[in-house]
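Have a look at the structure below, then the notes.
Going in written order, the chains are labelled A, B, C, D, E and F, and every chain counts its residues from 1.
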Amino acid sequence: MAEHKRPTIQVISAHSGDFVWRAGGALALYAERGCDARITCLSYGERGESQGLWKQAGMTLETAKSKRRAEAEAAAEALGAHITFLDLGDYPLRVDDAGLDRIVAEIRDAQPEILLTHVASDPYNRDHNAAHEATLLARQVSQAAGHDRSTPPIGAPQVIQFEPHQPEQCGFVPNLLLDITPVFDRKRKAMECMSAQSHLVEYYTDLGLRRGVQAVRNGGGESITQAEAYQRVFPVVGKVLL
Amino acid sequence: MAEHKRPTIQVISAHSGDFVWRAGGALALYAERGCDARITCLSYGERGESQGLWKQAGMTLETAKSKRRAEAEAAAEALGAHITFLDLGDYPLRVDDAGLDRIVAEIRDAQPEILLTHVASDPYNRDHNAAHEATLLARQVSQAAGHDRSTPPIGAPQVIQFEPHQPEQCGFVPNLLLDITPVFDRKRKAMECMSAQSHLVEYYTDLGLRRGVQAVRNGGGESITQAEAYQRVFPVVGKVLL
Amino acid sequence: MAEHKRPTIQVISAHSGDFVWRAGGALALYAERGCDARITCLSYGERGESQGLWKQAGMTLETAKSKRRAEAEAAAEALGAHITFLDLGDYPLRVDDAGLDRIVAEIRDAQPEILLTHVASDPYNRDHNAAHEATLLARQVSQAAGHDRSTPPIGAPQVIQFEPHQPEQCGFVPNLLLDITPVFDRKRKAMECMSAQSHLVEYYTDLGLRRGVQAVRNGGGESITQAEAYQRVFPVVGKVLL
Amino acid sequence: MAEHKRPTIQVISAHSGDFVWRAGGALALYAERGCDARITCLSYGERGESQGLWKQAGMTLETAKSKRRAEAEAAAEALGAHITFLDLGDYPLRVDDAGLDRIVAEIRDAQPEILLTHVASDPYNRDHNAAHEATLLARQVSQAAGHDRSTPPIGAPQVIQFEPHQPEQCGFVPNLLLDITPVFDRKRKAMECMSAQSHLVEYYTDLGLRRGVQAVRNGGGESITQAEAYQRVFPVVGKVLL
Amino acid sequence: MAEHKRPTIQVISAHSGDFVWRAGGALALYAERGCDARITCLSYGERGESQGLWKQAGMTLETAKSKRRAEAEAAAEALGAHITFLDLGDYPLRVDDAGLDRIVAEIRDAQPEILLTHVASDPYNRDHNAAHEATLLARQVSQAAGHDRSTPPIGAPQVIQFEPHQPEQCGFVPNLLLDITPVFDRKRKAMECMSAQSHLVEYYTDLGLRRGVQAVRNGGGESITQAEAYQRVFPVVGKVLL
Amino acid sequence: MAEHKRPTIQVISAHSGDFVWRAGGALALYAERGCDARITCLSYGERGESQGLWKQAGMTLETAKSKRRAEAEAAAEALGAHITFLDLGDYPLRVDDAGLDRIVAEIRDAQPEILLTHVASDPYNRDHNAAHEATLLARQVSQAAGHDRSTPPIGAPQVIQFEPHQPEQCGFVPNLLLDITPVFDRKRKAMECMSAQSHLVEYYTDLGLRRGVQAVRNGGGESITQAEAYQRVFPVVGKVLL
């Protein structure tokens, strides 16, 4: 990672909850190591990922957004991460040129070594696809010397897909099992901030245990109890084979 | 890697030349770091990979084997690696139960953290497939508590495929570009030992340059000039995302 | 299927003829069983799927649309299905936010258990891709509690792809062969309504026979003579394995 | 299913434990409905799947087999299924012509409508591949009029792959989520018979819950709490789309 | 193609009927052009592809083989091709080292520019897989300078897969549609020689029509009425793009 | 190819340099044979593919475009090809309805037998995807009888993908190796026109050599020293198998 600044990890999240369940461990891990951990939420998930809220009488889009924002901010804080909201709308999430420019600005400001985002093709949720595509496209534009001469281009950050809800249906094949055992208490706290989706806390705790068992089976140390699964988009460049 | 012994990297090579062109850099790199670098040649490539030799008058299988062996030993020495020959025959390479047991014995003796071998499906050369299959099968048998109680089972070493001659036709998609710049002189020396295939020296030097350019493009440092491409079979387990 | 209302099957068709050739049997079968069979045509196929019409002197877009509409209505009637036209244009078919909202309204009105549509990627006809994507996206938006509070969200209908003209080039792998033998006379009548494409009647009759032979080969009863091939997008949930 | 005899479901299992964790629910479900539920174990998993046993002093292959057999018989009984052992050996499992003939004899005797077996390619365990291949090959030979004229050929039973331990690494994409809620107590009892692998009981109970949640998400009724995931090899032939 | 001898096309056929239905047009086309068209039948299909014969009283393996042989010879003659039978057995077809050596001898004798064979993976019929694998392996061994010094090695013939019965289930994606219109009468005559499978004559006539329609749709001339679909294994090397 | 006019090959290039490195040989080859070789540049690559230019003081978009245009015109002239610029913008390249109509007009004017363009999915550069999609969509619209009645529809030209920078990461599997040995001097001259990217000249010369070696290995004549790799999208229709 670059030496002249704190290493940076940046999550591009379609909705304001995704980063907690899918990449909360990675964010906490890097934050704890002194890295700059950032989250860019493209939408609040106000229309489609707030089913609980809409059961309340008198709910409005603005209230839904505001409640989702408060939860996400609390979760980000629990993880030690910084969060930004672009409010591009959900169900559907559409990233036009103006939206893209804002994502590019976020990425150029972060100068990340690592971008985390959704899978390329989720049949259940096309907003995830839109976030994936926007991440690759914004990464490319961020590299262009001729784009917005007032901010500096970036290098070639790795892009890593986090685990979708139904991995096999999305073509997700993990090539990295990240040991998040040391920071799982922080992830748990962050998950507990998402009051509208509290039934998911046990679900994702169990998933982490399962990925932890697989990590041990794939040669990780016996001490691993919680892991997150990831799929890197680009080849890793390195000096070691493992 | 395990701490009680020198870390070990082991190549399972279908023919006696494959390890030089495809994994010579990795072997040299690990040898230079004090690791145990081992090569297990399943055959000498005596029938199908010694086209030059067979143009010589009076060539016999035994002479072909012996010349191939001498070259491979010289190349292994140049890389700092230890080499063994199982002489299972080539074109076709067939691994029966006895052959499998010998590969298992080699693996249990090595107790490797990393196994390097061929791709799963090469339409040009089914011996490569046979070596791939034998590696996965021998790894599994090596783990079995009930197999050969006189030697200890292994853990769960990563298996990594090295680059075939025509990568796209073999479904090879690199997920690791290994920087071999610091040891390229050793790889070059090893390649030059393969007198029967001397035309390949420039070819694989050029390929290394091309993979080096890609390594830089994928975020590696500008100092990389030579790289080898690899595809890991199992997910990596780790504490970092890069 | 839901018990409080007639089960519903809904086809999302890029052009006004697609539903006849590709899903006519399914529509007739469900209609005959008393289900609500609906067709939503995103365009008339007026520019690109009416080659015969454009050979007539003085043809205009409006006349082409009107003729295509009349044929499609006759075909739908022959199948016992209800048909709607959204007139979003063809070659290219583009579904913007307003178009998407109209498709969502159609789906919420239908509350279907099954959505039938095109494959994800047809290299010959990108309108088919657009219809596939619109179907998945509209399904997702239709589920969102926060979208259009005046109409009720839907559940999780299965999405099933019908057979494209050149299946292998489109990545189409049938996982369902539907026996349409009992209603083939209706499908034939519907096909005969498509006067502009009358050469296709024999072609699709033959295709049905071929799929019927395959149905028998895959364990269906000997009485099957006509079948349609389908590929489900989502896993089936059930109490039986067959 | 055929009407002249009890419908039959047959599992072809590489090792004597696989059927419990991966298809125990399906077996119990079909047994409870009065079907003939059969298990054909190709090996006992005596060498490679009995790690606990080999920690006991004086363990021998024969003792390991005998203990594994007793456990598997108890588990089969708990599920209401009949079990046979072919004792072809494990790690590696190799099916030669004689072994194949015995599998064919089992299949012809069972005349199954459904065959359940392993995935085609499991990088961790090639015995699973061998069982998959043997199932497809034995099915084909069982259909041949000219094979063993003393037993009757079979029809065209569906072949269904059950879930491997690390599904994404095996290319497993479920296209069927089977509701096993009504028989989960039987599956749990069967799992508890596998004393050598007792740590897996909770693991597979949790996996069943996760597949149950997915079943509900894919349109199954809210009452589903336990499911098993399956991938059918052949197209389903039917009269319905769901 | 080589200039010093007649260009040669060689079919490696698992059973004695496959070449007629799947590659009869290609054989007739090349024969008519003065090429050497050869068929190597690995088995007679005596056990599994002679269902009609086994309904006759007193049928034996030898009689089945002899009838199948007679039919295949008549069909080959109708196509203008030369045929050889290796009698390696079917259901299952197993190619051991001796069998492989015989296939190699056939290939070295033919010195073909083109090898036609089955797909790599047919879930319905593993003999097809065995023939595919044997073809690739025998091609490789035929190239080896050190194999059987009494016969000359071959060059690098293209390998082309012909169409299986259920193409989508076998991963078959045609990249070549061969116009067989001028020789279809010969193919029809050859098909009519296969009296035990006479129901297939209409089926494959219809399939040829369908592939012919696709050929026209893919830019072929309007005069094409019959085509065969093929998938090349290796890249074509040429001086033109079409 | 059509006989009433000169055969035409048309490249649809995302940026103004792509056609040189990736299809320069094909263009020169066809031009030399008297064909009409055309290039349609969707953008100049002014923002993202002119990194060198943007290091110059006072660079502006207009200057960058103008310099890129001059280079591309010189390269096209060296190849004997005609070039057009649509100036749709880069990083990101977006093709709206107006842009699509202009591409359609170019294609209808050219009436090409062959369209060359980028791969479908390049994770490094989404402009390449946009160009691929625009090519397929414009081809389809160009075929529509009802589109722009003042220009004639086209037939069914083949679409061929040229080689991306990192082929394995883009799913590129060559099925054609084009011998460009006779025109390599022209390609080299064209490459040397691209002064802003002069470091690429050696890189692509080396790549051509590597593809040339592969062409020989795949059965091409020994005289091939330079080749370009291509992947056809549609099946070839022909009278020969090679």
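For this structure, a couple of remarks:
As a working rule, a residue touches a chain if its C-beta (ideal position, glycine included) is under 8 Å from a C-beta of that chain, and two chains touch if they have at least 3 such contacts.
In UniProt terms the chains read A, B, C, D, E, F = PIG-L deacetylase family protein.
All of these numbers come straight from a predicted model, not from anything done at the bench.
With contact taken as defined at the outset, subunit E and subunit F are each touched by B, C. Listed by label, the chains that touch subunit A and also subunit D are B, C.
Relative orientation of subunit D with respect to subunit E corresponds to a rotation of 120°, obtained by superposing CA atoms and rounded to a multiple of 5. In this structure subunit A contacts its sequence twin subunit F using mostly different residue numbers, the overlap staying below half.
Ranked by how far their CA centres sit from the centre of subunit D, the chains are topped by F.
Note on interfaces B-F and B-D: more C-beta pairs are in contact across B-D. The chain with its Cα centroid farthest from the Cα centroid of subunit C is B.
Here the spacing of subunit C and subunit E, counted between their Cα centres, is 38 Å. Averaged C-alpha coordinates give centres for subunit A and subunit E that are 52 Å from one another.
Counting partner chains per residue, subunit A shows two or more touched chains at residues 124, 169, 174, 214, 217, 234-235. All chain pairs in contact, by the document's touch criterion: A-B, A-C, A-D, A-F, B-D, B-E, B-F, C-D, C-E, C-F, D-E, E-F. By the touch criterion stated above, subunit C contacts subunit F in their complex at residues 46-48, 50-51, 53-55, 59, 61, 64, 90-92, 94, 123-127, 169. Contact residues on subunit D toward subunit A in their complex (touch as defined above): 124, 165-169, 172-174, 203, 206-207, 209-210, 213-214, 217.
Interface residues of subunit B, counted against subunit D in their complex, comprise 97, 100, 133, 136-137, 140-141, 143-147, 149, 159, 233-235.
Residue ranges of subunit D in contact with subunit C, taken from their complex: 1, 9, 26, 29-30, 113-114, 116, 155-158, 160, 174-179, 214-215, 217-220, 224, 227, 229-230, 232, 234-242.
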